Structures are given as C-alpha cells and as structure tokens.
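So that you can tell them apart, the chains are marked A, B, C, D and E in the order they are listed, and the count of residues begins at 1 in each.
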Amino acid sequence: MFYAVTIALLATMALALARAIMGPTVYDRVLAVNMIGTKTVLLMSVISFLFGRPDFLDLALVYALINFIGVLAVLEFFRVRAYDRSGDSEADGS
Amino acid sequence: MTVVFSMFLLTLLLITAIAVVHAGNLFVAVMLSGIFSLLLALNFFLLDAADVALTEAAVGAGISTVLFLGALSLTTDREKSPSPHRLLSLAIVAVTTLAVIMGTLDKPSFGDPEAPVQVHVAPWYLETTREAIQIPNVVTAVLSSFRGYDTLGEVFVVFTAGIGVLFLIGRHSGTKPQDIGPPHGEPSGLRHYLIPRLIGRMLVPFIMLFGLYVQFHGEYGPGGGFQAGAIIAASIILYALLEGEKRALQVLPRSVLVGMISGGALLYSAVGVAGMLMGGNFLDYSVLLDDPVKGQQIGIILIEAGVGITVTGVLLSIFHAFAARGRF
Amino acid sequence: MSALQPHLPALQVIVPMLTAPLVALLRERQFSWLVTTAASLCAFAVAIALTMVVLEQGTISYEMGSWPPPFGIALSIDAVSALLLLVVTGASSLALIAGATSLQAQCESDRQPLFYAAWLLALAGLCGILVTADAFNIFVFMEISSLASYVLVAGGPDRRALPAVFKYLVMGTIGATFYLIGVGVIYLMTGTLNLADMEVRIQQVGEFQPFLIAAAFITVGMALKAAIFPLHVWLPNAYTFAPHVVTVFFAACATKVSLYVLLRLDFVVFQQNVGGHDVQFAYFMLPLSVLAILIASAVAIFEANLKRLFAWSSVAQIGYITLGASLISQAGLTASLLHMFNHALAKGALFLALACLAMSVAKLRVDEIGGIARRMPWTMAAFVVGGLSLIGVPGTAGFISKWYLIQAAFGAGSVGIALIIIILISSLMAVVYIWRVVETAYFGEAANDEAREAPLAILVPTWIAVALNIFFGLHPNLPVELSSRAAAVLLGTGP
Amino acid sequence: MELLGLYHYWVFAILLMTGFYAVVAKVNLIKKLIGLTLFQAAVFLLYISVGMVEGGDAPIFTADNADSLFSNPLPQVLILTAIVVGISTTALGLAIVVRINEVYGTIEEDEIQEIDRR
Amino acid sequence: MNLAYLLDILSWILMTAGGFFVFVGGVGALRMPDLYTRMHAASVTDTVGPMLVVAGLLLQSGLSLPSVKLLGILFFLLLTGPTASNALASAALLAGKNPEYARRMDEPADGEKAE
C-alpha cells in the first residue's frame, strides 16, 4: 500500500533533481533543493511505516527542521552577495 | 521492492555526484551537494542505519551547507580555471577505481547473514548489550561503551577542528566588518524578510527542544550526543541568521563557547578517569556505581552529554568564526 | 608507581590529551607553555617507564573500558611502539623546551594557548596511534594528529604556509581515506578490527586477492602520509613554512608514525598471512626507496633555503628507512627501525640548530649566513655535529644505523652490493649539501653583522640533542636492542 | 539481492572515482574540498553496505523485535565517527581556504602558485 | 474489524492522492516555463501533498506516539514550506528577476515589485 506513494515520491525527487541540475537560475536550484528536502521528509515517514518502525519518524522530524535552516542560509548568502556585487547574483556559471 | 527503491536512490546519488563535480559555479555545487547529502542519508536509512542517517541529515545537509555557504560568501562562488592536467588525473583515478573493483567486486557478502562480517563480532555486541548494558539502541551502546575510546578520540577530533578554526580565523578579522555589511547601518541578519523571521523565531525553541530530546533519547532510539549537538547548534545558527550574528553572540558569548568546547571534552575524559580511579580500566563505566548495569547506563548518559556539549560548542564557534569575518 | 603501572598504556595517551582542553582555556602565554611542556615531559616519563616494562616483560596490553578484544578496543605496546614512543615524546619535549623563545618570534601571544593545545593534541594523536591495537582506532587518532598538525603548520608566519598546509590537508585526507578503504575491505573479509585477531582470521579465509588490494590501499595511503617518494610533494613546503619548533617536532617523528602504521600492517597483518605480499612489497618499495634517496639528495644539493634543504633530506632519509624495510630480513628491519630513531636525533638536532639560527637570520637562506659561525659559534658547532650524524660519521648516532643498513645489504646478495654503492653515493651527496652550508657559515664573507648568539633557552635543548647524537653513537645498546626486538616482532619471530 | 549487492559496489566505486577526480583534477580549492566530501561519502556507503543484513532490522531493540535478525551495528558506529571526522576536516579546510583568499586574493591553485613564483 | 478495513481504504486513498499531487508538483517544477511558475507549481503541491500523505499515515498509526510525531512533521512542513517559498520568491524579486511570463499574460502593476 505504501509502495504507490513511495514510487510517486521517488519519481518526484528525480524530476526535482533534473530541475536542480538544469537550473537555469540559482533560484531554480534552491527551489529544487527545498522540494527534495520535503520529499525526503515524506519518504522517510512513509518508509518508517513500510519497515514497521514508526520510531524512526524522529529522522523525518529532524529533516523537516534542518531543511529550513539550509534555505535561510541560502537567503542570507544571497543578501550578502547582493550587497557585494550590486545585484548580478543571478548570473549562473553553468 | 525495497531493492528497486534502493537502486533508484543510488542512481540519483550518482547523478548528483557527477553533477556536483561538473558544476562550474561553486554555489550550484554546494546546493547539489546538499541534495547529495539528503540522498545519501536516505540510502543509509534504507540500509538499516538510522543513527547514521540522522547524523548525515544534521551534519551533512544542515551544518556542512551552512559552512560551505559561509566560506563562499567570504571568497567567491566562481570557479575560474579549467583543469590543467585532466588526463593524468583520469589515469590515477582509473587505476584506483580498478583496484577497488578488483578488491570488492566478487565479494558475495552483501546482505548475507552468514558473511564473516555478520557472524564474528556483531552478535556479541547484540547479546552483551542486552545483558550488560540493557539499553535498546545497540549502536549507542557500541559507540559509547564498547568502543568508547574511539568516541573519545572522535570528540577530540571535533575539539581539534574547533581549536584549529579559532586559531586560524578566530581572532583578527582579515576584512574590516564595517566596510562590508548592509548600508545605512541596517542591522545584519534577515531582518527585512518579515515572514521567515517570524516563523524562524517560532521554530528556534522547538528545534532546541527536539535537540535535547535527541540527546536524551539516544539510548532508546536513533540519536545521541553528536546528532543532538548538531541540532542544537543548528537552532542557534538559525537564530543568528535571523537576528544577526551579534545577537546570537550575546546569548552565547565566545568565552562560553570555548568553555563548552573544553568542558565537554573534559567531562567525557573525567568519566573515563573516574572509572580508572574507582578500580576499573580507563572508560570502564561498570565500576561507577555498585550495580554494573546502572553504572554503564549512567556512564553512557554522562559521556553523551559531554559529546553533545563539545559538538555544540565547536560547531557554533566555527560558525561564528566564519560569520565574524564580516559578511555572513 | 605500582598503582599506576597497569594503567601506563592509557596514561600515555590521556595525559597529553586531557591537558589540551585545559590549555585551550588558559589565557596566559607563559603559563600555557609551562603546562604543555610539563604534560609533554610526563608523557616522556611514561614512555620511558613503558620501555622499561617492555624490555623486561615483552608486550603489554590494556583493555579500554575493560571490554575484551576483539570486541572492545585494546592497547598493546611492544618493542616497535616503545621505540617510537620514546622518539615522539622525546622530540616533543625537547622542541617544546626550545619552543617558548623561538615561537614568540613567530606567533602572536594571544594565539599561543590555542597553538599549544593543538601541539598537545598532535602529541596525543601520535601516541594514540602507537599504542593502539585496533585498526579503526588508528584512523581516529591519525585524524587527531593530522588535524592538529595542519593547525600547527598553518601557524607559520609566512603566507606560503597556507597553500602548503592546504595541500597537506588534501593529501593527508586522501591518505587517511585510502587507509579506511583498506581497513573496510579487511573488515568485510574477516569481520574484525583488532589487529591480532585480523592475523588469525586472515589465515582462515584462505583467499588472498582482496587482502592484496587492501594492502595496496593501506600502503599507498600511509605512503602519502609518510611522504614516501613519489608521494612526498606536500612535505618540503609544509616543513619549510611551519614554525621552526614545529618543524623540529615533525621532522623527528610525524612521518615516522605513519611509517610505523605501514610497517605494522604490512608486516604483521599481511606478510605473515597473505602469500606473495612480501615479494610485492619489496618489488615496489625497493626501487622507490633508491629513487627517493638519490633524487631527494640531489634536490637538496641545489636548494637555497636551509629548511627546505633539510626537508628534502628528510625525504631521502625516509628512503633509507623504507630501503631497510624492503629487504624483509631481520637485519634490514633492525637497520630500518634504528634509522627511525637515529634520524630523529640527527634531524632534531639540525632543525633545532636552524631554529637557533633563525633567531638572527630570518630567511634562513644559504646566501645570508655567510660567516655567521664567527658570531654564533655554539649554534654552528651544534649544526656541524648534527650534520656529521646525518652523514653517518663514526662516533655519531647516524653511523650506527648506516652501518647496520650496509650489513643488512650485504646479506641481500647481489642486489645488496648495488645498494651499498647507492648508500655510499648518497652519503657523499649528504656531505656535499652539508658542507655547502658549513663552508658558507665558517668561511663565507660576513653577510650579517648584527647576528648574535641565540639565547640559552634554545641553545641548551639544541646541545642536549647534539649530546644525545654523540651518546647514542658511542653507546648504541639501547636503540639497537629495542630495534632488533622490534624487527623480530614485525617478522613474527620474536615475542 | 546479488544484483543489488553488486550495484552497491559499483556505485561505491564510481562515487569514489568522481570525488577523487574532483580532488585531483580541479584547481579551485573549495571544489577540491567538495570533492573530498564526496570521496569520503563513498567510503561511508561501502561500510554501511557491508554491515547490512538482508531482511534484517535496524539494531535498536523494541518490544516486539526481540528475536528478529539485526543488521551489524559496528559499521554504523564506525561511520558515525567517520562522518564527524569528515565535517571536522572540511571545516578546517574551509578556514584555511578563507585565510588563503585573504592573503592571496584568489582560491585557484594555479594562480596562487603564480603569485608565489613572483 | 469492518472499521479497520474502511480506515485502511481511506488511508490508501489519501496517500495515493498525496502521491499524485506531489508528482504533479514535480512535473510542474520541471515543465513550467519560468522561475515563478515553477515555484508556484512546487510550493502549492508541497503543501497539499504532505497534508494528504501524513493524514493517510495518521490513519495507519492510530493514537500513539508516532502520530504525535507525524503531526509535528506536518506542522513543521506547513510552517516552513510556504515560508521558504515566499522568502525565495522575494529574494528572486529583490535580485531583479522579473516574472516575465506573468507580465506577458496580463501586465501587472509595477507596485508588485516593491515587495
């Protein structure tokens, strides 16, 4: 029963990964990281049930919290960069 | 079915790794390695390693990303030169890989309960944990008692890193803080993002509470000092990101952090020495109390606390060392 | 003493390790130096006590946490570890005694407590590697000592120290990770991490290929850390730009501890149990050692920076050590281990003399020390004796190990003759590069009129090192006894 | 299962190669450090794969898994240690890179060598 | 007995729906033409997907400690997901990335850029 959700989540992760690799702007990549983070949380919850070990939900909880810090760190990074280079921070090397 | 999931995740992992190396922009590489960390942790989780997955989540995806971004904001996010000696490197790498494949390829033992890895030492740990330590999480038991000396070493590795970063970039700033930073005396931090700030401030106590839960729940479920230390440090880093680094330093000044770094390591060692003074060997917790099992448990709680304190202190010191360089 | 005696192996590590957090908390430079030196001397005393016990009783072991091996982590000290423990703790103590004055010129006062804490951690890490009997524990302590040594090297005042240390960090981490892969493969095949248990179980497995691969990874990884030619590229710059006292400490012992891990795993764990490994080891190691000796000595001849000159000479000397080991005989290994001891003495004395010199000549280039011997007679005299020991002149410690090496080469048949010639040639090269310095210092035109004799605080330890060179050149019983026992341990023929 | 086992080793080998390539071939110091983390991650994966038991349970006792098969706790402990060692190395490396950038103004290895040669 | 069966089916439906929405979000994030539309696709489904999936899991776990944790997870996801999207979008706007696609559609007022 959990398989259907798991497959959907995995497929979505693959799609988001494709977005993260393709870009084209840095914001797309951050968006993709955030998406993958959310999917990871869900996947962990579902797999905990799949394994019959609901006590592992702790992990999912940690992810939900840590993920947010990552995004905020990125924002702070953008802010610093914006002051540094007066606004060309969207330029992207790849 | 899990096999397919596992293979799928491994494939994603590979693709991400290649993309990380390929990416020309360092910021992109850091973002992708954040994804890499998440995927790696999921793989660990599927391989029954809950504790490792938790650590990878807290350390790899959280702290490591923050540190890399901190370093990037102090340097540059652009990778300029192409690789000069590609062929030579490829040759070295190819030889290494061939050697690895030769060494491991024909090994049948993946998942085999009869493999030497599974039958030699591991069952003893499971049994002895049940009898002599009586805590549910075998990983914690091995980590803090059977191989407690390793863990002591690990605490001192973290301690060394903390000392090292403080030594290198702790004191004098290379760039003057007032030169950079936002204009018009605007305080640093994400103050102008109203919503993240509100939500973030709400979350800080929750994260900290959860960190404490991970710390003290380590004997029963996935968790322990390292993970807890990383999570608590993350919560204070979150506060620093929201309110500016200075406010966070008012909460936990540098001197307190140095005290935490040393104090945790000393607490751990003190438990070990106590075992020695009370007639056992170094790090023998059984002699701490009359009942050896209780002694083991109290020893584990104490050393995990030491680990948590040191890790929190070190990670925060490292963060502040980067942040105090002016920009982050 | 008797109450402490069973705990000596643990104390060897925890004395310096526990002092480190205390030192990190201190503010005062002098006091932190004092505590550090005291801890290092304590560790030295423990090492002497351990050596005495080892000479009396053979191998000592200790169970951490009272868990029996292979489940818990055991410490085990035999003649090999005892020999190197003496070198490591002795070098650390001597360098620290000299260190206060020399470091003051190179590192800001307020950073010094952290520096000393890192020093203690490096010492604890090195001791930890030497006493442990667990493959993974070696990795953990290797990382403590490596991270601490990155910090120490980066403490150098020259900005070029930073790229040097980054290279050191990258190569050191690759080395450690290779080691981890090797240990992982062994663990996969045997299910154990305890070195003694590994020996037994490898024999039971009866399939060699994975072990050969594991041996390859461990050998390459440790060769990176030990700067065995051609993986030495991090060493010259790291030694050159590190603070002088750090160079004294590391030149004497850091690479040797990696060599110790290499020898211990290759000889004890693999060669006695994995067929064909000894031949492989010799085939790879012998030519590389010869190349190291010749090429590094040649580079040293043309090097203008004194510290870098002796860093290159270290690469060559590591070649001697691996040369002795690659003969795979009792005599060869004895020579190899003896040379670890004696080279530490000679290089320690030389780098201490350089530290004295650096009090007056900041840049330490050959063309800046013209006629300096007239102004710093004691320093240069120490330098000369150290140099003689490095060359291997009779009456100094260096002679003993070269003599044993030549004897070992005689035992190796026709290859041996060629090796003896190579040893002689390289000794001549050493004469050349040392003579170049001595000539400039004694007979060159005075380039520096303000030079003054180095302060006593640093001159005295230098002369202690010099005296040790002569003492062990005349009375080599202790190191020879330890080395031959250690060689027997490594070959599995002794206790 | 056989297939998955092999696949694990292949992934390990390729990851190792990718990370190692980045360390050896890239000249950007931060990229080298990122490569180093990948390189180490590959080894983590090897150890954890080694310790896994097919049909096993994570080595944490609960009320109702008293007699099930458990995965090997030891590699997990080792890797916990190794992860922490890895982040320590990375942090120290980044600190060195920051200092290098301050005194050299660049974090490209070839440019640093160029500056030193002058 | 019957009720448990019913709950199972209900939970299955919820989770499958959640999976569907999540997947749609993924497709949207990949296929939409510009940053803001992609962000829209991702963030909206990132809210509804977890709600449905966690609701399904809640039906599985019943009243127990895990369900408290599940509620915690949901709570945090609902807090942080939209916040992160909002912050990201405003960062992109501040950096001068205009929502081109939207402008071509119906020419929004300039005031929107001010945040």
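Everything below uses one rule, namely that a contact is a pair of C-beta atoms (placed from the backbone, for glycine too) under 8 Å apart; a residue touches a chain by one contact, two chains touch by 3 or more.
Keep in mind the model is a prediction, meaning the values are calculated, not measured.
Least step count on the touch graph, chain C to chain E: 2. Farthest chain from chain E (centres taken as the mean of C-alpha atoms): C. Per-pair tallies of C-beta contacts place B-D first. If you average the CA atoms of chain A and of chain E, the two centres end up 12 Å from each other.
Chain geometry summary: the mean Cα position of chain B and that of chain C are 32 Å apart. With centres defined as mean CA coordinates, chain E is found 29 Å away from chain B. For chain C, the set of residues that touch two or more other chains comprises 136, 140, 143, 147, 150-151, 154, 181, 187-188, 193.
Chain A has residues 13-14, 30, 32, 53, 55-56, 58, 61, 65, 67-68, 72, 75, 79 in contact with two or more other chains.
The multi-chain contact residues of chain B, meaning those touching 2 or more other chains, are 50, 72, 79, 100, 104, 107, 109, 117-118, 121-122, 125, 147, 150, 153-154, 157, 160-161, 164, 168, 190, 193, 196, 200, 203, 206, 221-222.
Applying the touch definition to every pair of chains gives A-B, A-D, A-E, B-C, B-D, B-E, C-D. Per the touch definition, chain B reaches chain A in the complex via residues 1-2, 5, 8-9, 12, 15-16, 19, 22-25, 27-28, 31-32, 34-35, 38-39, 41-42, 45-46, 50, 53-54, 57-58, 61-62, 65-66, 69, 72-73, 77-79, 180-183, 189-190, 193, 196, 200, 203, 206-207, 210, 214, 217, 221-223, 227, 231, 234, 237-238, 241-242, 327-328.
The touching residues of chain B, counted against chain C in their complex, run 99-100, 102-104, 107, 109, 115-122, 124-125, 128, 145-150, 153-154, 156-157, 159-161, 163-164, 166-168, 170-171, 258-259, 261-263, 265-266, 269, 272-273, 275-276, 280-286.
Within the complex formed with chain E, the residues of chain B that make contact are 190, 193, 195-196, 199-200, 202-203, 206.
Note for the complex: chain D touches chain B at residues 1-22, 24-28, 30-31, 34-35, 37-38, 41, 44-46, 48-62, 69-81, 83-85, 87-92, 94-99, 101-103, 107-108, 110-111.
Within the complex, the chain C residues that touch chain D are 136, 139-140, 143, 147, 150-151, 154, 159-160, 162-163, 165-166, 169-170, 173-174, 177, 180-181, 184, 187-188, 193.
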